[in-house]
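The two complexes that follow have chain A in common; it is paired with chain B in the first and with chain C in the second.
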Partner chain A sequence: MATLLKPVDVVTIGVGLTGSLAALELGQAGLKVVGLERGSGRETVPDFQSPPIHDELRFAIRKAFMQDNAKVAVTFRNASDQTALPIRRWESFLPGQGPGGSFVHWNGQSFRAQVADFIWRTHTIQRYGQKFLDSCGPELTIQDWGVTYDDMEPYYARFENLCGVSGKAGNIKGQIQPGGNPLEAPRSGEYPNPPQKEPHFGAIFRKGAESLGYHPYPQPSSNLSRAYTNPLGIKMETCIFCGFCERFACPHYAKASPQTIILPVLLQDPNYELPALCEVLRINLDSTRKKATGVTYVDDTGQEFEQPTELVLITAFPLNNVRTLLLSGIGEPYDPKTGNGVVGRNYSYQTTGGPTIFMDESINVNPFMASGACGTMIDDFSGDNFDHSNLGFIGGQYVGAIMTNGRPIEFHPTPTGTPTWGLEWKQAVARHYNHTILVQQHGTSASSRLNYLDLDPMYKDAWGQPLLRMTFDFPENDIRMSQYIADKVVEIGRAMGGKQIIRGGTKRPYSVTFYQSTHNAGGAIMGDDPKTSAVNQYLQCWNVPNVFSLGASAFPQNITYNYSITIGALTLWALDAIKNKYLKSPGPLVHS
Partner chain B sequence: MPGGRSPRFGPLGFIIGFVQAQTQQPSQIARGAVIAAQGTPTGAPPCSQCHAFNGVSDASGAFPRIAGQSAYYLAKQLRDFASGVRTSALMTPIAKALALSSDNIADVAAYYASLDAPFLPLNPPDPALVKRGEQLAKIGSDKQRVQACDNCHGPEGAGEPPAIPYLAGQYAHYIDFTLDTWRTGFRKSSPESMEVVAKKLDDQDLAAVAAYYQQVRGSGDVGAPQ
Partner chain C sequence: MSDISRRTVLTATAAAGATILPAALPSGSIDDLVSICSGEARAAATPAATPSSATTPDQAPRTTYLFFNDQEAALIEAAVARLIPKDEQWGGALEAGVPNYMDKQLGGAWGAGERLYRSGPWHQGEWTQGYQLPFTPAELFHAALAAINRDLATAGTPFAKMSADDQDAYLKKLEAGGQDLGGVPSDVFFDHLWELTLEDFFSDPVYGGNRDMVSWRMIGFPGAYASYYELVDQHGIKIDRPPTSLGEDLYRHIHIDPNIPAYAPPNNK
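The block that comes next holds the complex of A and B.
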């Protein structure tokens, strides 16, 4: 029997980027907020200090910060005629666990989306015509977001200020700025901090890209280029390029994470409560199934609690947002046979994988001297920045020398033909370790009616609830896109002076056995039509208006860029609507 | 802890070793030794007058131990003294005199970097102060939002050459004084990292960190030149 707790105003399911931001904003509005987080507490001091935090085996290989998939895994298959199996070792994507969520172990790559990204369907049809879009793949189900870049711009600026993003603007109110990215969406102002220093690999890329007429710029980074006090009054420090961002936590208060930009203020709020080790089982609905009454969770002793609340915010990793909706019976599950239903629909991912460029041995790259976002890159092939008329695909990728580390276990560049073990392999690693540049291709993932999330009919978690099942393969459109850009990037590699180049590009079938990206998107997408979206433009569930699903599960398809900053902006956008509209008059913010 | 071998990353150690071996030629070290012993014709006095010929200076702690410090770091400090980025009534004129000949700084830095010198016997420190210092050095302080010193200065303050100096065995007086120069804004070199940290520490913290590192001996194989 569940213990009934005292009612609160708001419950967030998960305390990562979206959950901590929501609790902060709504706590400041005077509401009593409880954050339910399945992981245990962790702070910069003492939990993230070196040398223990630089234990590559523990954090990068054994993935100490990730969701415990001995308890809750995700099952996976490429197509709906296959049987899905549980992912027992996270490889392709890495959902975080514990306060701060995945926003602790991220790399700090801090982009905005482009103007066209928010209106991708409308924009594509306007520029190329419906026939062109159909020819890219009849299975594609790309949609507009229901918000525009102009709607989002102030929220982007607010979130960047919170993080202290270090970068160089390339377009301020339509004025192109030297040194920045001339192809970016117009910004209202400069970044809060100047860009990080450019490492040698970035300088080599810059020279090569410039010689081909492209437009290199410094990657915007939430690893800070200087000491900074954010708008909450929290002090951050300068990144020292230790090379342990992704999969790790920052020891230096230099990378934006809930621990460094939000929690020090939030945890002082007497209206906020963060009980440890709470596994949420479901959101409870009343008899009409149109109102949430509270949340049921289990603590680490196995005791069940019911937390009554007026407002539920699902603020978990995107995949877990979708699973929570499905387990709670909120919204109609997507049916791939009929195309009806919305929860689980339009799950999308990210196209990644660039070339490895072997340089002359006189060039010392020093890859270990890096932050997670100190690259030099181009947007010439991003999104719709280039003419697709005769290319037969939509979407694009950014390209850049973005080397995040030279860590001893993970970084072993060897040319094609090198044995995979033994003396010759060791000699090749020693020879190429300091003279190899990795160039990233990173881009869009179009949504498709074939790709979706639902509850697995066979496999269950430690509490007896069905696991989430992922059915996914890259649409042929995305393969054509990635392969087209791969050729262009080989040319850049040659212009950089590469002696040997291992070509990049995404291939089918999608595999969960090697790392690609933790930018899982969609499944509870936003939009202006309840037939094709799970939440409205304010991320509010269409049928249960006191439940909001925040985060990248709302993306109708995935954008070119690493998505954290867009998640932050979208969350602030939804929170403004909750504070200024919903709280004054609880109910649907958009009438279907 | 003293005597323990600090774990090092293989490839990183290899490359740093390689870089140092490349930059510190025997002839360069020999030239540097001459400067240390007798100064330069351009007017720099012998370094050994204060820092001793073996780089351990003296037990007053007025002058830092420089034996085995990275050549890159030592040369950068001398250049910063010469250019005025870092100022010291004592070191500024000496560095300016050294800088009159372009090789002097590199030579003398290479010489002192090449040394593996003993530690002078010192009075035992206050154990409570050392304990507090060890906590700041290894774990930091959540309350003050100060990260562990070892994050950058290496396990047990062994240094992260070439850029970051060792602290293990450095004189307490020098560490305390130097942190204070950052705290007061007097020292202008590396403010982006050290001034921020120093300003979060009080007098007691400075004394504690200094007392801790003075008595750390390390393993001797970390940050040592080839």
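The block that comes next holds the complex of A and C.
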């Protein structure tokens, strides 16, 4: 029997980026908030301290900070006529676990989306016509977000200030700024901090890209270029380019994470509780199934609790948001045969994978001197920044020398033709390690009616509940896009002085056997039509208005960029609606 | 002493059932005794980071096997010596202590299936779906190594006694797949063997391999000490200081100033 707890105002399911931000804002509005987190507690001191944090094997290879998939995995197949099987070890994407979530082990790559991203369907049809869109793939189901870039701009600015993003504006209110990205969406002001220093690989890329007429700019970074005090009064330090960023936690208070930008203030709030090691089983609904009454969870001793609440915010990793909705029976599950249903619809991913550029052995790249986001890059091939009329695809990728580390288990490049082991391999590794540059291609992934999430009929988690089932392959559109850009990037590699280049580009089939991106998106998407979206433009469930699903599960398809800053902005947007509209009059914020 | 004879000595020692502990080192050189007296032998026998002088860097370190049996250990030692061989300048996987690392990894949580989803039913599926065998890493190694040793017992020459060329050919045959090793496809076993070899050749010496940080010195990776704010914009410089291990924490040269805690102002609310 579940123990019935005293009611609270708000429960967040997960305490990562969205969960801590929501608790902060709603706590400050005077509400009693409980954050339920399945991982155990962890703080910068003593948990993230160096030198133990600089352990490639433990954190990068054995993935100590990731969701324990011995307990909760995800099943996967490329197409609905295959049998999904459990992803028995994480490789392709790495959901975090513990307070701070994936926003602890991220790289700090801090982009805004573009104007066209929020209205991708409308924009594409306006610029190229419906026929063109259809020709890119009849299975594509891209749609508008229901919010615009102008809606989001103030929230982007607020979230960047919270993180202390270090960058150089390229477009302030339509005025192009030297040194920044001239192709970015207009900003209301400069970044809170100047860009990080440019490492050698970035300088080499800059020269090559400039010689071809492209527009290189310093990557915006939440690894700070200088000491900073954020609007909550929390002090952060200067990043020291340690080369242990993604998959690790920052020991230096130099990377934005809930631990460095939110929790020090939130945890002082007497109205906030953060019991760790709580596995939420489901959201409970009343007999009308239109109102949530609370959540049921199991703690680390195996005891079951029912936490009554007025408002439930699902603030987990995107895949777990969708699973929570499905396990709770909120929203109609997507049916790929009919196209009906919304929960699980439009799951999308990210196209990644650029070339390896082998430089002359006189050039020391020193890849280990890096932050997670100190690259130099171009937006000339991002989103719709180039004319797609005769290309037969939509979408694009940013391109940049964004090396985040020289950790040798992960990074030991050898040229094409080198044996995969043995003496020749070893000597090639020694020869090329410090003279090789990885260039990233990172971009959009269009949503498709063939790609979706639902509950697996066979495999269960440690509590006996169905795992989430992922059915996904990249649409051919994405492959055409990525391969087109791969050719352009080889040209950049030559202009950088590359002696040998291993071409990049995404291929089919998608495989979960190697790392690609932790930017899983969609599955509980936002929109203005309850027939094609699971949540409205304020991320509120259409049919259970006291449940909100915050985060990238709301993206109707994936954008060019790393998505954390957009998640933060979208969360602040939704929280403003909750504070200013919902709390005054609980109920649907949008009437369908 | 050549590679082959060194391995033979190790195999013979293990086969005799000698427990290789610091206090019971096999009769050896004066160097060994000096090591014991100075406490350095302990560093050689345990997964510690301190550069060991119990054996010189171009020799294989002595390993106390807790997971592999004698036959398995002989095969593993011979195999990793081919996967990453030593050359004139740098020791290879055997000299780096990779067999010791594998032994401890497979005998520990990783070998038992840490972070491995282990519920059935078991289907092979598509390659894109990743590893789908019911074996833990420990079970996988035991099954495959036993099958290889059985196979070679029939042929007459154990792996460790083959010529280097024959060993390479045998490993390539495993890598190509198509062979059943006690239920483990040979390419799956090869991938596991290579993965563990690679991991340890490059991981921190605290895990029992990468002795003397040989791989880090070979490629120029400076290791766990990592603070480059002043250097990152000095493009093209060569870092030539010796690398540092996690095990050197006792010097506290990496520890940041404990007087910089996360700071929340009073009366923030």
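As a working rule, the second predicted complex is superposed on the first by the 592 of 592 C-alpha atoms of A that agree within 3 Å, B and C clash if a C-alpha of one lies under 4 Å from a C-alpha of the other, contacts with A are read in each partner's own complex, and residues count from 1 in each chain.
Definition applied: a contact is a pair of C-beta atoms (placed from the backbone, for glycine too) under 8 Å apart; a residue touches a chain by one contact, two chains touch by 3 or more.
Keep in mind the model is a prediction, meaning the values are calculated, not measured.
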Contacts of A:R226 with chain B and chain C, given as first, second, both or neither: first
Partner chain(s) touched by A:I240 [first = chain B, second = chain C, both, neither]: both
Comparison of chain B and chain C by chain A residues contacted: C
First (chain B), second (chain C), both or neither touched by A:A70: second
Contacts of A:P408 with chain B and chain C, given as first, second, both or neither: both
Touching partner for A:F368 - first (chain B), second (chain C), both, neither: both
Touched partner set for A:Q82, first chain B, second chain C, both or neither: second
Partner chain(s) touched by A:N434 [first = chain B, second = chain C, both, neither]: both
Contacts of A:P51 with chain B and chain C, given as first, second, both or neither: both
Chain B and chain C footprints on chain A, overlapping residues: 43-45, 49-51, 235, 237-238, 240, 242, 251-253, 264, 364, 366, 368, 406-408, 429-430, 433-434
Residue ranges of chain A in contact with chain C within the complex: 28, 43-45, 49-52, 54-57, 61-63, 66, 68-70, 73, 76-78, 82-91, 197-200, 203, 232-235, 237-244, 251-253, 259-260, 263-265, 268-269, 363-364, 366, 368-370, 374, 406-409, 412, 420-423, 425-427, 429-430, 433-434, 458-460, 509-513
Contact set on chain B toward chain A in their complex: 7, 9-12, 14-15, 138-142, 145-148, 150-152, 155, 192-193, 196-197
Interface residues, chain A side, partner chain B - complex: 43-46, 49-51, 226-227, 235, 237-238, 240, 242, 251-253, 264, 364, 366, 368, 406-408, 429-430, 433-434
Contacting residues of chain C [partner chain A, same complex]: 82-85, 87, 90, 92, 110, 113-119, 121, 123, 125-132, 168, 171, 175, 194, 198-199, 202-204, 206-207, 215-216, 218-222, 224-229, 231-233, 235-239, 246, 248-249, 254-256, 258, 260-265, 268-269
